[in-house]
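Multiple structures are listed underneath, in structure tokens.
Each of the next two complexes has chain A plus one more chain, namely chain B in the first and chain C in the second.
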Partner chain A sequence: MPMATAAGHRCYELWDPMPDEVREGARRFATVQALNELVGVLPFAEWLDRAPSHTRRQMLMAKIQDEVGHGHVAARVAEDLGMPRERILLDYLEGRAKVHNIFHYSFGTWEELGPGLLLMNSAAIVQFQSLMKGVYLPYARALRKIEREESFHYQHALDLTHEVLTHGDAEQRRRVQEGFELWMPRVLAYLGPPDTDTLHANRMWQIGLKPDGNDALRQAWLNKIIPVFRKLGVHVDPALVRQAASGEWEFAMPDWAEVKKVIAGGGPASQRRLDWVRHALDRNTRYRRALREVS
Partner chain B sequence: MNADRLQDRPPGRLTAQPTDEFTAQRTDEFTAQPTDELTAQPTEEFTTRHTDELTGRLADVVAGVRDPEIDVGLRDLGVLRSVSLTGGRVRVRLAPTRLSCPAVGEIARRVRSALAGAAPGREVEIVWDRGAWQPAAVTAAGRDALRRGGYRVAGAAPRCPYCGCDDVARAGRFGGAVCKVPYDCRGCGSTFDVIGTAGCTAMLPTPGPVRGGS
Partner chain C sequence: MPHVPNDPDVYEVFTQNGVGKTLSHVGSIVSPRPDGAWHLAKETYGRRDDLATLWVVRRADMIVSTGDDRDLLAAKTRMPHRQPGFPTARRRDRSDSSPAADSPLVAGSPALADSPAVDSSAEPRDGALSELRDDASRAADPELRDLWLALADDLFVLGNRLGERIVDYIDLEESLAVGSIGQETLAHAGTILSLCGFDEAAADAWFFDRPQARWRVSRAIERLTDWPSTVACGLVIAAAVVALAERTAETGPGRTGQAAEAGSGGAWLPAIIAIRDEQRVHLDHWRRWARALTAWPETSEEFARAYAEVTERAGDLFGAGPQGVTAGVLPSAPVPAATLHERLAALVGDSGGPASRLPGRPLTRTAGMGGSALAYCLSRGRMVRDDYAPGVFR
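Showing the complex of A and B:
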């Protein structure tokens, strides 16, 4: 039977009767996550054969495999709610689904990868920690497990950034600094447009699938990640992010028109991501068909 | 503020400098690290009895170190095999849950950091017994912790760790790691992993004759 949460929402298990908009909303959240977990490994996959040591390569490979695993977990949740698994990537290839702005870029250098990964990973963790308070419980349970595994990637990102800052030369440290400044606005944008004034009118918030607004998540994220970068020795330019006397974070507002353009396919790596996925699907089609025949 | 302004700043102070503060005190902003409470301060002189006591205490300290990926201690996960003290040196024998476990570096860092607090100044040697880990080494408390985290240990027929039902279906040959086999529960719609299958001790899953499945 549906249960009530502390927030006053009813929670739903797979076989519970639930309003269509809860089912569709949960399916949409899980579908978006599945696509982004899968495409989101590509900026890292590009670095597999360029990672500077065996250990780093091994950890990168583990991260990639983990994220693909998360993509499949989210896809299975979406499948239970009526989203055919293969359609997730087809919708992306055929332009019906988009990936987050951050995956439309590539890392220019290894030194840039560390701060970029730290920013992305910590933002994703904050987002998962919020979404797992949502009312569709199978998805909430999947997110709790995923979030825990993500914290392992976070440690990895912290460690490799620290390694470059400790053992790298001045040029490499400069690239870490530039990487932070390059990725900060992108990840600020990743958490979505300001919604403090509109959140309560958002149906996903009203039905309990989106427990926190974008602005609240951004504040929670900055609270956690800015001290980490400061401790690492990265300079946080007040023109980029600064804390007001009230404790609230202020930041250079992302150029939302630009973000929209990037998400629509106008980012530097947008086409490369699509091509990669199309190639992978083409290559695997005959095997997937054969497997369907025999199963 | 305007994003354009960020482009034209003077390049002088752009170089990041590592701080001592960071090296001295690693932040685990996103993972709770309960090892501090387990840290004991040995002050005794070394008699045999005290050495045994100290060894036991150090073993408990290592036992309390959390796995980086799953919220469970190293002893409960069956990863901690032994802690011994010879002369001034602490030797810790650990078994990774699979041959090429990518977490060994982070686990070693955590073990060293915990021992640095519990046995200051002592040399720490970490020995990895690769291939030695067995599902049977997971303690009862470990099984509980794994179940709460959404994992089952290989052995008996898999049941859903969340609802306990046995109406489960394997969702692939391996999952986020070769030591994890993904399952779906048809009872409650949960996804979970079984750890400790043959994939843990093999380098890679060997493709067998195709019989459907994944």
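Showing the complex of A and C:
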């Protein structure tokens, strides 16, 4: 039988009887995460063959493998809840599923990669730390495994940024600064529209799958990451993000209509991501069949 | 290798004492029937605590590691670059060793020819040597170190290619597999250079700054393109590394002049054994693929063609001449190329795939091969690096 947790919700294992909306909600969360891991890895996988040293290449390859591994773990959770894994990428290709706004862009330069990854990884860490308090335990466990690996990604992104800032020339350092300013609004938007006033009406919050609201996560994230960038020597323009006397972070509100347009496929790399996945699936169909049918 | 225990009536018991707690192995029981096993497990291990979960698993259905698997399971030793502490420690070491952080040239990598590991005077001889010998079996036996260094070239290119395949999504399990095989392959290339006396900067210069004309990849690398030829290349290269590692391990510490020197035997033997064990796993992986692609009607013809093209070019895997590198802890011993080649042929022939076209005897490796596959790998690798002062990247 399901048991109660400290937060007052019942928690569920796969075989526990549970309300349909918990089962469907958990399946949706895990499916969305699996898709975003599998597509979200592509912007930096594009840089693997340009990684400029043997060790950097090893670390970047480890990160890419981890992200696909996270997609695999999330897909397993979704699969147990009735989502066939083949459908995850198929729904994306056929327009039934979308990826987060940040994955509709590419990194323009190597210098942009460090601050971009640092912003994304830290936001994902804050988000996963929240989601792992959710009531569906197999998903919470998957997130705990994922979270451990995200801490390597975070340290790696920090190292990447630090390397360019410490050893690069003035122009290269300037591009790190620009990268920070370019990605900051995108990642602010990634954490979702303001919901302080509406959170308690959100069914996912009510049933315990979404333990924290977007605004709370955004504040927690800024608390954590802004000091890190300042310490690296990156200038944080108050027009972009500033801390009020109350300690509360204020920021330039993303243009949500624009964010919505990007997510719907209007981002600079939206088509590129779709094309990659479509071609990868097409060119490998017969090998996938060979593996399944023969072994 | 992990084994599957075979005691049909034995069941292992796992309990969880509360929601969110860890499921723990608590012991085993014997029962002739599965439903009886569950009740017996409950009566044996659930008499005191309220259990949130009870799992009873037939021992014969489990895949269990053995003591022999310990090295392959030692993630922290095998893949240190995956640990969160790795980039942090690197950064700390670097700031300790280079106080003049604003002038990266101080910490710059030595130009290739100045590296202590590389004897540049050996370079001009290459062309002349390859003209003199059209097959390696007529020449004197090659040096162990030269064979390893040449294989490091192949491993580097293969490792990178496999890394790119992670997001090819043949299926998710294959993505994970090529991710690990790619990382290990790249690590082996680095380990070989380190055993040959290269430090990190010299290794990067070797892999990233050396012009294609001075690479000594096998001609098989030319065909490193689509998935069937990647499988074929992965298979022949893994087989070559296994054959050379087995041979090197047999050389053993103390059997040659250099290895007998204090400590040097200890430095290279475990590294070579680790490479051998990991490459054996890679070889098994590629053999499984070779069998599947051969047996499946839709891919058999395509794979047979790729396999033929790769194996007929792979005759040079043990055909490396002097590479001009004289430092390092690897024993300096000549090894018979023909024997290694025979072992390679046996490993490749045993794949269960199509017929191999591996030549009957080892052919000479020549510099500057690798075609557009290597050219692309090298030019991509220089794109970021060329914009920076020497020594910035580690």
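By our rule, the second predicted complex is superposed on the first by the 291 of 295 C-alpha atoms of A that agree within 3 Å, B and C clash if a C-alpha of one lies under 4 Å from a C-alpha of the other, contacts with A are read in each partner's own complex, and residues count from 1 in each chain.
Assume a residue touches a chain if its C-beta (ideal position, glycine included) is under 8 Å from a C-beta of that chain, and two chains touch if they have at least 3 such contacts.
Everything quoted here is computed from the prediction, not taken from an experiment.
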{"item": "Clash-or-fit label for the pair chain B, chain C on chain A", "value": "clash"}
{"item": "Which of chain B and chain C A:68 touches, first, second, both or neither", "value": "both"}
{"item": "Which of chain B and chain C A:159 touches, first, second, both or neither", "value": "both"}
{"item": "Partner chain in contact with A:196 - chain B first, chain C second, else both or neither", "value": "neither"}
{"item": "First (chain B), second (chain C), both or neither touched by A:181", "value": "first"}
{"item": "First, second, both or neither for A:59, with chain B first and chain C second", "value": "both"}
{"item": "Touching partner for A:251 - first (chain B), second (chain C), both, neither", "value": "first"}
{"item": "Touching partner for A:85 - first (chain B), second (chain C), both, neither", "value": "second"}
{"item": "Chain B versus chain C as contact partner of A:151, first or second or both or neither", "value": "both"}
{"item": "First (chain B), second (chain C), both or neither touched by A:42", "value": "second"}
{"item": "Location of chain C clashes with chain B - one stretch out of 74-82, 128-136, 254-262 or 326-334", "value": "74-82"}
{"item": "Common ground on chain A, meaning residues reached by chain C in one complex and by chain B in the other", "value": "13, 55, 58-59, 61-62, 65-66, 68-69, 72, 137, 151-152, 154-156, 158-159, 162, 166, 290-291, 294-295"}
{"item": "Of chain B, residues touching chain A in the complex", "value": "1-3, 5-6, 9, 13-19, 21-23, 26-31, 68-71, 100, 102-103, 105-106, 109, 149-150, 162, 171-172, 175-177, 180, 182, 184, 188-193, 210-213"}
{"item": "Footprint of chain C on chain A - complex, ascending", "value": "2-3, 5, 11, 13, 38, 41-42, 45, 48-59, 61-62, 64-66, 68-69, 71-72, 75, 85, 89, 110, 137, 140, 151-152, 154-156, 158-159, 162-164, 166-169, 172, 276-277, 280-281, 283-284, 286-295"}
{"item": "Chain C - residues contacting chain A, complex", "value": "18-20, 52-53, 79, 81-88, 90-91, 95, 101, 104, 160, 163-164, 166-176, 179-180, 182-183, 186-187, 189-190, 200, 203-204, 207-208, 226-228, 288-289, 291-293, 295-296, 298-299, 377, 380-381, 383-385, 387-389, 391-394"}
{"item": "Parts of chain A lying in touch with chain B, wherever the complex brings them together", "value": "13-15, 55, 58-59, 61-62, 65-70, 72-73, 76-77, 80, 122, 125, 137-138, 141-142, 144-145, 148-149, 151-152, 154-156, 158-159, 162, 165-166, 170, 173-174, 176-178, 180-181, 185, 224-225, 227-228, 231-235, 237, 239-240, 250-255, 290-291, 294-295"}
